[in-house]
Structures are given as structure tokens and as C-alpha cells.
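Two complexes, one shared chain (subunit A), two partners (subunit B, subunit C).
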Partner chain A sequence: MKARPIAAALAVLGYVIMLVPILFVVASAFTSSSTLSFPPKGFSLQWFGKAAAYQPFTDALVSSLLLAGCATALALALGVPVALGLHRGAIPGRSLLQGLFLSPLVVPELVIGLALYQQLMIGLGQTAFAALLIGHAVLLMPYAVRVTGAALTLADPALEEAARGLGATPWRAFRTVTLPLLRPGVMSAALLGFITSFNNVPLSLLLQSRDFGTLPVTMLDYVQQSYDPVIAAMSTLILAATIIVAVVAERTVGFTRIFGGIN
Partner chain B sequence: MTAAAQFIDVSRTFGDFTAVGSLNLDIPEGRITTLLGPSGCGKTTTLRMLAGYTAPSSGTIRIAGEDATRLPPEKRNLGMVFQSYALFPHMSVADNVGYGLKLRRIPAAERRSRVAEALDLVGLGHLAAQRPRKLSGGQQQRVALARAIAIRPSLLLLDEPLSNLDARLRVQMRAEIRRIQAETGLTVVLVTHDQDEALEMSDVMVLMRAGHVMQSGSPAEVFPRPANRFVAEFLGYENFVPASLSASDGATTLTVRPEHLEVVQGEAPDGARLALPATVTGIAYRGVDRHLTLSAPRGEGEDDVTLIATVRADHSRADWRPGDRVTVSARPEHVVELAD
Partner chain C sequence: MFHRPRAGALLLFPGLLLMVLGFAVPSAAMLFAPPGVSPSDVFTRLTKMLTDGYDLQIIGRTLTLGLIVTVVCVVIAFPIASLLARSTSRWAGLWLALAVFPLLLSNVVRSFGWLVILGSNGVMGKIITGLGLAQQAPQLLYTPLAVVLGLVQLFLPLAVVSCYSAVAQVDRGLDDAARGLGASRLRTLWTVVVPLSLPGIVVAATLVFAGSITAYTTPYLLGGSSQRMLATQLFVHANVTVDWAAASATALVMTVLVFALSGIGSAVARAKGRVA
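Take a look at the complex of A and B:
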């Protein structure tokens, strides 16, 4: 391959800009002093213990995981059939529908949050979890529709025809050929969706209640009150968990296969 | 000859566009029939209607004597090889070939032996465990063939099967498909835009244009006797001479292949059907051949007739030059009379 020094330098610069601030946070989590500072003074794991033992964080983590899991499942359950329908074409107003399902990317999340807050929580008296679940599912729909749609576009339309010609009913052809080919697309939509929901602040900020708060919002609350290395330790723990998930995903499906379908 | 499939007055329109217009065609059993024509001539639509992927707008399609017009593809028992091969990427070669057998609830042991048999027929028994993407284009093509043959179809349909292969492999596969047809006795319908492919592989060739059959018959019938100007042009007849330049009744145009034109200085040979005075206007050197462009006057202020002749180089005399005055002639058996 031809050496391209400018492109290589830009890539390195990009990684530096992305990674260095994260390294600062990780490093300051190991400090033995009681203030958040860099460079860390001494070495200690005490803040990790404190973060793991701090109940609002553990409660919020459980809430966040539950919410991200349910919202992702709901978004996929609705989004995959929509992607299939849009892909098969022959629907009047197809591009309008396509735009509709992508719109949550464009509409400010605070607007969605406020709307759901007014209608679901105040108007219909729903719980915070129900409102959050619906809000997050709406937010994840574009990923579910687009990423599965991209996987469908890459699949040869003759494949399903070939299955039919060999004797498969339409449902059988879908189940044995189209669905397995869709799997990497659905996996990547799920992963992207889960991460998006897990990290979301604006929607969660509006829709949480005293007994159901997500981890990012709880951490935000914490930072506003006390500025100590617990927050750096918690961030480092989340980072480690994310890396583990990424490695597992890479080993089982392969990142290139998961994200290959996006562009 | 019994018909394995029949098209009776079959039409297919897409909006205002007529892809196929009242087609009547018999597909003879145990032979290779090719549908030949330029893109947009309706050959692929015809094949897709036979396979059940495209419904006819009107007319009847019969397969093995039964009305199959409204039958879905899975009930037709036809083996189709797609242009893209359409191998299932998530299955091994053996599972691809066995897919149709599994759907037919054939017991595992018999399924395995029929998969092996089909793969041996195309010479790929050793690749059964591979994934299709690991295979070369030629090998994928063979897997697609094996998959279509394994179900013991009543017809084998091939949609431009060789167009994605390189030139050398394409010529090999022509012979290969002929061999497989001969060994299995299958009825084959092949779609192609390549006249050489059609000439080499067909028992019956069907030339199509704009949704209509322009001529059909064996290559030996069609090639020397094109029925109209379209077929003549498609098969490489490049010289079209107005019949007025030569004694003929009924015909309006005479056509001759470039390699059948004789170019001499002086008198035309005895018994020539066509003899035109002409001037050499261009010459292309093609190794043993010379590709001559000639101009023959038509007279009375009309444009000259341009002729193309492929002639062997004659080393006993000087090579042709532009401006040479010559006589262009053709023997009677090489001159085809056309009505259009």
C-alpha cells in the first residue's frame, strides 16, 4: 500500500483528540487524594470501591441497563418490520415514510422529551419507566430502520427468488434466507441502539422520577454536588464494561461485519 | 418434438412499456433453447415469466402440458441459475445444493448422496464444505448449476449464466453446460445477448426484439438464412446492398457477411451472384486478414453503398491500398435476400 503521510498524521491527530481526555479521566480515578486532579497523586483503588458501593449509582445502573435493553428490543421489534416494508417498496409515499422514521434524529431530544412528559406523564399519568421506554424507543427507531435497511440493501434480491425457485414458500424463504442475512444488521442496530439509550441524557433528564433515574443523569447530579474521584472511577468502570462488550462483539460477530453495513 | 413448456399469446407490459408482446413459443423437450437478443428485447422477462417471478399480463404458460400461468415459483419445480448466481452466503456449498432437497423432505442419507452426485457432475465434489464467497466466479457458477440440477427440475433455466466470467472461462463453460445437458437430458432455456454463445450452445435459437420473436430455428437454419435485417445485423451480416443493384425479384435488400465478399481487380469470377465495381476507402491490418472498407456507387446522385470485406492477405501481389479500383463479388449461396 502507498504511504500517505498527511492522511496518517490526521488519523493519529484524530485518535489523540479522542483518546487523551479519556486517559486523563482514567488516570485521575486512581488517585489517592480526595480531589479530582491531574496528574494523580499516589495510587489507590479506593474510589472504585466507593463508586461500586454508592447505592444511587448501582440503582441507576440497573435502571439504565433495564431501560436500554427494553428500549432496544422495542425499537427493533417495530423497526425491523418497517425496514423490510420500506425495502420491499411498492408502498405509496415511501420516501415520506422513510423521512418520518428518521425524524427523531432531527427533532431536538428536549422537544421529544417535553412532548412525552406533557402527554404521557402529566396527561395519562404513566410512570417514568413507561415514558422513558417510549421516548428511548422513538429515539432508537432511526438506527433500527436505517442499519437493518442497509443490510437489506446489500443482500442480493435474487437470493429470495432463488429460494422460492428451489421450492420455498415466501415465509420459508424469508426465514431461511433473508432473516439469517439480516442478523449482522440487526446486531449492529441493537448495539448502536443500546449504547445510544445507555448514554442518553436530555430525554432521561426530563422523564426520570425520584424512584427511576438513569446512570448518566445520576452521575450528572453527583457532579453538581461533589467533585471527587468517585465520578472518574465510575466513568472508568463504564468505559471498561464498554470495552468488554466491544471485544465480545468483535470476537462473536466481528466489528467490521456489524458496522460494515452503515455506509 | 414434444414441448416441455409453451407460451400461448403471452404478453407482459410494465406501465406503457411492452416487454413481451403476444409471444407464442414452444420449448422442445430435452434440448437447449436460447433466447437471444439485445438488452430490452424481452428475453429476461420471458424467462422470468416461465420461472414464475413475473406474472404475464395476458396469455397462458404451460409447463409439461399443464397450465402454470398462475403457479407460484415454488410449485413449478424449475431449476434457475441467476446471473448473480444468488448462492446463499450463510450456507456451505453442500447446504446450498441440498436446500431444495431439504424442502422436498428427502431423507438425510439420500440428500447427501444427491448433493454429492450433483457436485460431482459439475466437478466440485471437493469443495462441498466451503462457503460460497471462498470460491472463484467459475466455481460459484458451477455450484449454482449443481443447486438447480439437484432438485431434478423439469426445466433448467439459465439467465445470462456466463456473462460474469472472463472470456476464456466463458468458452470452457459453454462446452461444460452442453456436456451437463447431454448427461442429464434436461430441457434447458438459456438467455443470452452473445450470438457466439447462442450459436455454439443452442439446439434452437430464438431471436427477439422489442418483445417479439424475429426468427427461431436451429443455428444451422438461422445463421446462413437470416429472415430479416434485424437478425442479419445481429448475427454479423454487415453488408446491405439495395436489390436494385443486382437482378432479383421480391427482395429489397441483399446481405452478405464480410468474410464472404470477394475482392478482385478486374472481372468478377464466373457465376457470382453479386458483382459491384467499388473503390477501396480504408484498410485495417489484422494479421492474416485484411479488413477492407469499400465504397460502391449507386448512381444518379444517391449515396454510395459502403461495404465491408474481410479478405485473406495474398502475398503473391502487393497489399491493398486506399483508392484501388476493384470488383466486389459474392457467390450465390452466400447472398441472402431480405424483404426489409
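Take a look at the complex of A and C:
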């Protein structure tokens, strides 16, 4: 029995399942008919125009970008010091703390979303944006702590000590030695965090309000009401943006490595 | 600056505050005592859920589909990972990137593809009727098959990535040694590469299983109300019927399942790692 043909056949099947459905979405966005069907009838760009002019989508896009930016910044502002503290300080209960910071990867996101909906939005009367910001920052904490932590493990603590020995103040040693060593880790965590937040559905699902909704949830709502090529056009636009992000990420930090490293 | 415990504690404090007040406390409150509901109500609803036919069917479906998705993902991802990790082709990097790329793409966009393929006007129905296999296109959407396909598409990249790093760290010289001693390719794979990369395979399986039983978007879009799973049922309790005792009970089942699974997964991975 030969292993190679079987492996190759399974590999082909895998790539078909991963990629072909995405191609169908793209193809059906260019149809000139008003139903989402395949093969597309005729060729037109009208659905792209309609998607770009549909206000709930444009509003939600702005909301999602704002949320992803703020949540990433908050998670890094809180998470990078945590990574430094866990790495360098002699902290009692260190593995327990580490477990707490990584646990949002395990707890179902829908559970976190419902918890914040009950406690923050209903209990404390907070806005959807506040609840989403806290929820997404929690969700991104594991990335901020672990990806930056991984960069720190590679950095030699002797370097900072050498700088101190040569007379640098603690702050200067940190700023000129440790911080540059951290930069790739922080950039990877930022990219990973932004994309994770932007694409999130389960956590955001219950934390929507009339004035603040995220794009993936708005798109899900749209499909439930009408099933037309606008949704395929919007998906194609998101795909195009994601490809640009992936190419830029590959050129700068190497997305295959980042995404390969996190799990 | 960071060698004193007090400085370390100070660095941890803001992050810890977020995790406790924005995550641990609200989650615990929601799971055990949601607003206006006593813990005993949640417990009563939980026992009812574990004896009720309809709820048990949802739990059973969630676990069964999760298991099928896990097996399919590992069976497909391992060959992809071993072909890529052992390839000397200059295109291997591009193929790896193509397998990783979907991780960056919205789940909503990825699952929409199956609506176009499996929907009532979809390609698959046209192929089936076109080939004369059936008079009418069969119902494909909102079936277990649709959910499995959607979830396999969703989690394959994750499985490929985990298996790839597992296979890549197995010394290539061992393959060559086995082959040189006369083992067939399949035997080499089965007796050398698979056992040595088993911890990574177990990690992949755990991630896929845990992801499948908590996924929302794919079961919602492709399974609908006829293939309800724990996550979609939790959303109904939380947002449609607003039955918070039921929502907490469902959330408890889901959380316990995921934690048990992750615990078992990492224990098995560690044990296999020691043997290998």
C-alpha cells in the first residue's frame, strides 16, 4: 500500500473544503440577477455598490474598526506589563495567574458575552460599546500576554543587566534594551488581536445595541432577513481586505509564523 | 526594575483587575446566580436539562458532531501537515500560507460559501439533479452534513497548523533511517512519524473538539433550528425566550464540557510526550 497517493488525495480534499466555498462567495457576488445563486447569471458590479451604500454595513464597519483598535490597545496596555511581570518578577502563585490570563481561550465566548450582558449592560446600565470593549480586551489578553511573553523568553535578561552595569538607569535600560526586544512580539500580538476582535461573533452577539453593532453580527442579521448578493459582495470586500492584511503581515512579521505559534 | 516582587505585582495589577472584574466575577455570577434567579433555580434547571429528552438530544448532537468534525479534521490535517513539513518544493511555503490564511478570514464569510453551495438554489442541488441522481434537489442545508462541512472548513486550518509544528519537529533523519532499513513509506509514517508527533495531534484534536462544541456562527447559519447545538440553544435561552435559568444551565454544561475536554487533552498530550 502506498502512503503518498492516499495522503495526496486527503490533502486535495482538505484544500477543497477550506478554499472552494470562499471562491463560490466571490463568484456569486458578480451576478446580475437579484438572487444568490450559482452559476451567476451575467456580470455586474451593482452589488458592490449596494453593499458600500448600505448604511447599516458602513456604520457597523466603522464600529468594528473602532472596537478592534480600542480593544487591541487596551489589551496590550494591560497585557504587556503582565507578560513582563510574569516573566521577570518572583510572583507567588505564578502558574495560577498564568492560567487566569489564558482562560478566555477556554471559556466559551458566548458565555463571556452573556455574563457581560447581564452584569454590565443590564446590571450597571453600561453601553454596548463599554461592554464590548471590556469583553474584547478580555478575549485578547491571552494573545497579548502569551505572544509578548514568548518574545521575552527569547530575550536574554543578561542584556538588561549589562546595561544596568554600564550605568544606565532601570528605566533607560528597559527603554533602550528590553523594549526593542519586545517589539516583534507586541506587533504580532497587535495584529492577531485586531483580527480576532474584528471577526468575532459569539462574544459580540449579545452585546449589540441600536447605535452600536459590529459588522459580522450585522451581516448575520442581514442574512436572516434577506438572502441576496449584497451579502456576497460585502463578504468579497472583507476577503479582499483580509488578503491585503495577510500580504502586509507576511512581509513584515510573517503571519504564517504568528498564527502557527499561538496555538 | 522588574526583579523585585513588588514591582512585578504592580505590573500585574491593572491586567488582573480587568480579568477579575471584567471576566471572572461576571462569568461566575452568570453561571451560578444570574440576575433575579437563585442558584437553586439554576440547579433545578440543570437537573431537568440532564434528564429531558430534547435537551439531551442537543447535548448528544453537539458531542457527536464535534467528534465527527474532530476525526475528519485530524485525518485530513495530518497528511497535509506531513506533506508540507517534508516537502522540498519551493511552493510548500505558499501551500502552508494558503492553509493558514483562512484563520484570518471572518467565520461569517467562510460559512456563507456553504449557503451558496448547499442552499436551495445551490450548486450541489443542481449537480445532483443534473446527473439525474434525484428528481428534486434534496435538502442539504440545515442538515448534520452541512454543519459538519462548515465546521471542518472552520477548524482545518487550526488542525493543519498544530499538526505541522508537531511533524516539523520530528527529526527527518529518523524517517530516512526507517526507509533505509526497508520500511515502506506508510510503515515509516505509522511507526515513526505518527507516534513522535502524537502530542501535537492530541493538541489539534482537543482544539478542534472544544472549538466545535462551542462554535456559534456555523451551526446557526448551516444548521438552523433543526440542528440546534448547545451554543445556538444558549442564544435562544438568552435572547429569544429570555429564560436566564435555562441559559445558565446550558452555559454550565458547555463550560464544564470544554474544561473537561481541555484537561483530558493536555493530560494525554503530556503523557504521550513523555512516552515519545
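Here is the rule we use: the second predicted complex is superposed on the first by the 231 of 263 C-alpha atoms of A that agree within 3 Å, B and C clash if a C-alpha of one lies under 4 Å from a C-alpha of the other, contacts with A are read in each partner's own complex, and residues count from 1 in each chain.
As a working rule, contacts are C-beta pairs under 8 Å (C-beta built on N, C-alpha and C of every residue); 3 or more make two chains touch, one makes a residue touch a chain.
Because the structure is predicted, anything quoted here is derived from the model rather than measured.
Placing subunit B and subunit C on a common subunit A by superposition gives a fit, with no clash between them.
Of the two partner chains placed around the shared chain by superposition, subunit B is the only one that A:Asp156 touches, whereas subunit C remains out of contact.
Residue contacts after overlaying the shared chain place A:Gly165 against subunit B, while subunit C stays out of touching range.
When the two complexes are overlaid, the chain among subunit B and subunit C that reaches more residues of subunit A is C. By the touch criterion defined above, A:Gly135 reaches subunit C but does not reach subunit B. With both structures placed on the common chain, the touch criterion links A:Ala240 to neither subunit B nor subunit C.
Of the two partner chains, subunit C is the only one touched by A:Ile22; subunit B is not. Once the two complexes are laid over each other on the shared chain, residue contacts for A:Pro180 go to subunit B alone; subunit C is not touched.
One geometric descriptor of the composite model is the angle centred on subunit A: between the Cα centres of subunit B and subunit C it reads 90 degrees, in steps of 10. In the composite built from the two structures, the nearest CA pair linking subunit B and subunit C is 11 Å apart. Listing the residues of subunit B that touch subunit A in their complex gives 51-53, 72-74, 76-80, 82-84, 86-90, 99-100, 103-104, 147-148, 151. For subunit A in complex with subunit B, the touching residues are 156, 158-159, 161-169, 172, 176-177, 180-181.
In the complex of the two chains, the subunit C residues touching subunit A come out as 1-5, 7-12, 14-16, 18-19, 22-27, 29-31, 34-35, 75-77, 79-80, 82-83, 93, 95-117, 119, 121-123, 126, 149, 152-153, 156-158, 160-162, 164-165, 184-186, 188-189, 203, 207, 210, 214-217, 220-221, 231, 234-235, 238-239, 244, 247, 251, 254-255, 258-259, 262. Across the complex, subunit A meets subunit C through its residues 1-4, 6-8, 10-11, 13-15, 17-25, 28, 35-39, 74, 77-79, 81-82, 84-92, 97, 100-101, 103-104, 106-112, 114-120, 122-123, 134-135, 137-138, 141, 145, 170-171, 173-174, 195, 198-199, 201-202, 205-206, 216, 219-220, 223, 227, 231-232, 235, 238-239, 242-243, 245-246, 249-250, 255-256, 259-260, 263.
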